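Here the chain labels run A, B, C and D in written order, and each chain numbers its own residues starting at 1.
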């Protein structure tokens, strides 16, 4: 298991006319979280693609607890595990660190594939990192 | 239960560097589907907000079956039910009608609230429409 | 010169907390307009990329006249000319066809390049189409 | 004149299938730049709206010099002047600070209005800040 934390602020472009962050943007925040986690423990996801590894999403889920508005601070906590040797599972918890309440929680699942869209074994190094938790 | 179908094409802006539609945009397609369903049976969601009804999202789930690329045709089939008297549940199935394969399926759950964010009873007329299926 | 017209509706995801369409989304509407124009006279932009032609943007300009809100109908009129043999120039006019007022107007300029980012001569057929206006 | 600098990284969601940041997202980066500038010298734009000041965009222009890809660092330099007592003019320069090349440059123009969309005089304090340059 690997965990990581990163803070961002909601952009004006991410709000909608209800005055809140539009619901699909939480999935973009999830991406910011997992990008940060992978870079912190291993390498940039960008380099991963240069090595021929792609990580399409298989499934995503999000539960929305409290709305978040423009310029609000959002703390993204991400956690990586393997549910199967080939399936990466990321859990996310979004909180407001200034007012300490839960914004949302969710998960995404991914597999590894080649540039051509063929399934690919996860790198052994990532398995080791997740197992050792660092 | 109410059902509705609408076709759209993936925009270039919606793709990512993997050459596919970025995963959060499926939630935007869901929105296009439910907006279409509500307008078809009842009224525009825009008028609903003028009447003081807002529909924040409580939960969302999506399973990604086959990727979709720029300019691909996407058929969005939406289905509305009430899981509780206050909770709207939309199911979505996205298919490629030209090549007839499944792209994705998912759901969103919503409650009614006032402009100020207070819970609000769902309009009786919508309950009737969903019960009668037309 | 080639001209083309297409109508779309503003999505909820495209609004911001001012209750209007967020300003960068007008550039997405421009993309919808030029994609439509190219498909109408010639081929899908998607096929163009399969032929190894890419059209990065060099410059864009937009003047915002009247705001547009969720679910409003937007008419996108696009016009294609060549300002130089290698530079495509698209002009766009966005209007509300229901209430007949001007929403915005702007332009984008593009060049042709290869997949590797090298400059490439515009296809002779496109020059002929623009010259003949059909 | 007020100037401000902020660094961000391009998100995966912001790329397109050409493998570059999609052109409308530069306008989102501009927003990040001006939000940062206003907060640095004065107050959060969020508070500005609470005070009843809204800043719709009148015009925008962008020249794209060199592409930027996923996870690339982007330095946003913003500069605020008044072109007329009622018109705020922001200039932006986007560079890659790691490889020191120009990504793009552009501007946006805004006016002040009330929540109801009526023109409103710019706050005297902002005029003073811009005049004094701090």
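Throughout what follows, contacts are C-beta pairs under 8 Å (C-beta built on N, C-alpha and C of every residue); 3 or more make two chains touch, one makes a residue touch a chain.
All of these numbers come straight from a predicted model, not from anything done at the bench.
Ranked by separation of Cα centres from chain D, the top chain is B.
Interface comparison, B-C versus C-D: the pair with the greater number of contacting C-beta pairs is C-D.
Taking each chain's centre as the mean of its C-alpha atoms, chain B lies 33 Å from chain D.
The distance from the centre of chain B to the centre of chain C, with each centre set as the mean of the Cα atoms, comes to 27 Å.
Averaged Cα coordinates give chain C a centre that lies 24 Å from the centre of chain D. Shared interface positions of chain B, defined as residues touching 2 or more other chains, are 12-13, 17-18, 20, 24, 28, 31, 49, 69-70.
Contact residues of chain D toward chain A in the complex are 11-13, 28, 31-32, 35, 44-46, 49, 69-71. Per the touch definition, chain A reaches chain B in the complex via residues 17-18, 20, 23-25, 27-28, 31, 49, 54, 56-64, 67, 108, 117.
Chain B makes touch with chain D in their complex at residues 12-13, 15-20, 22, 24, 69-70.
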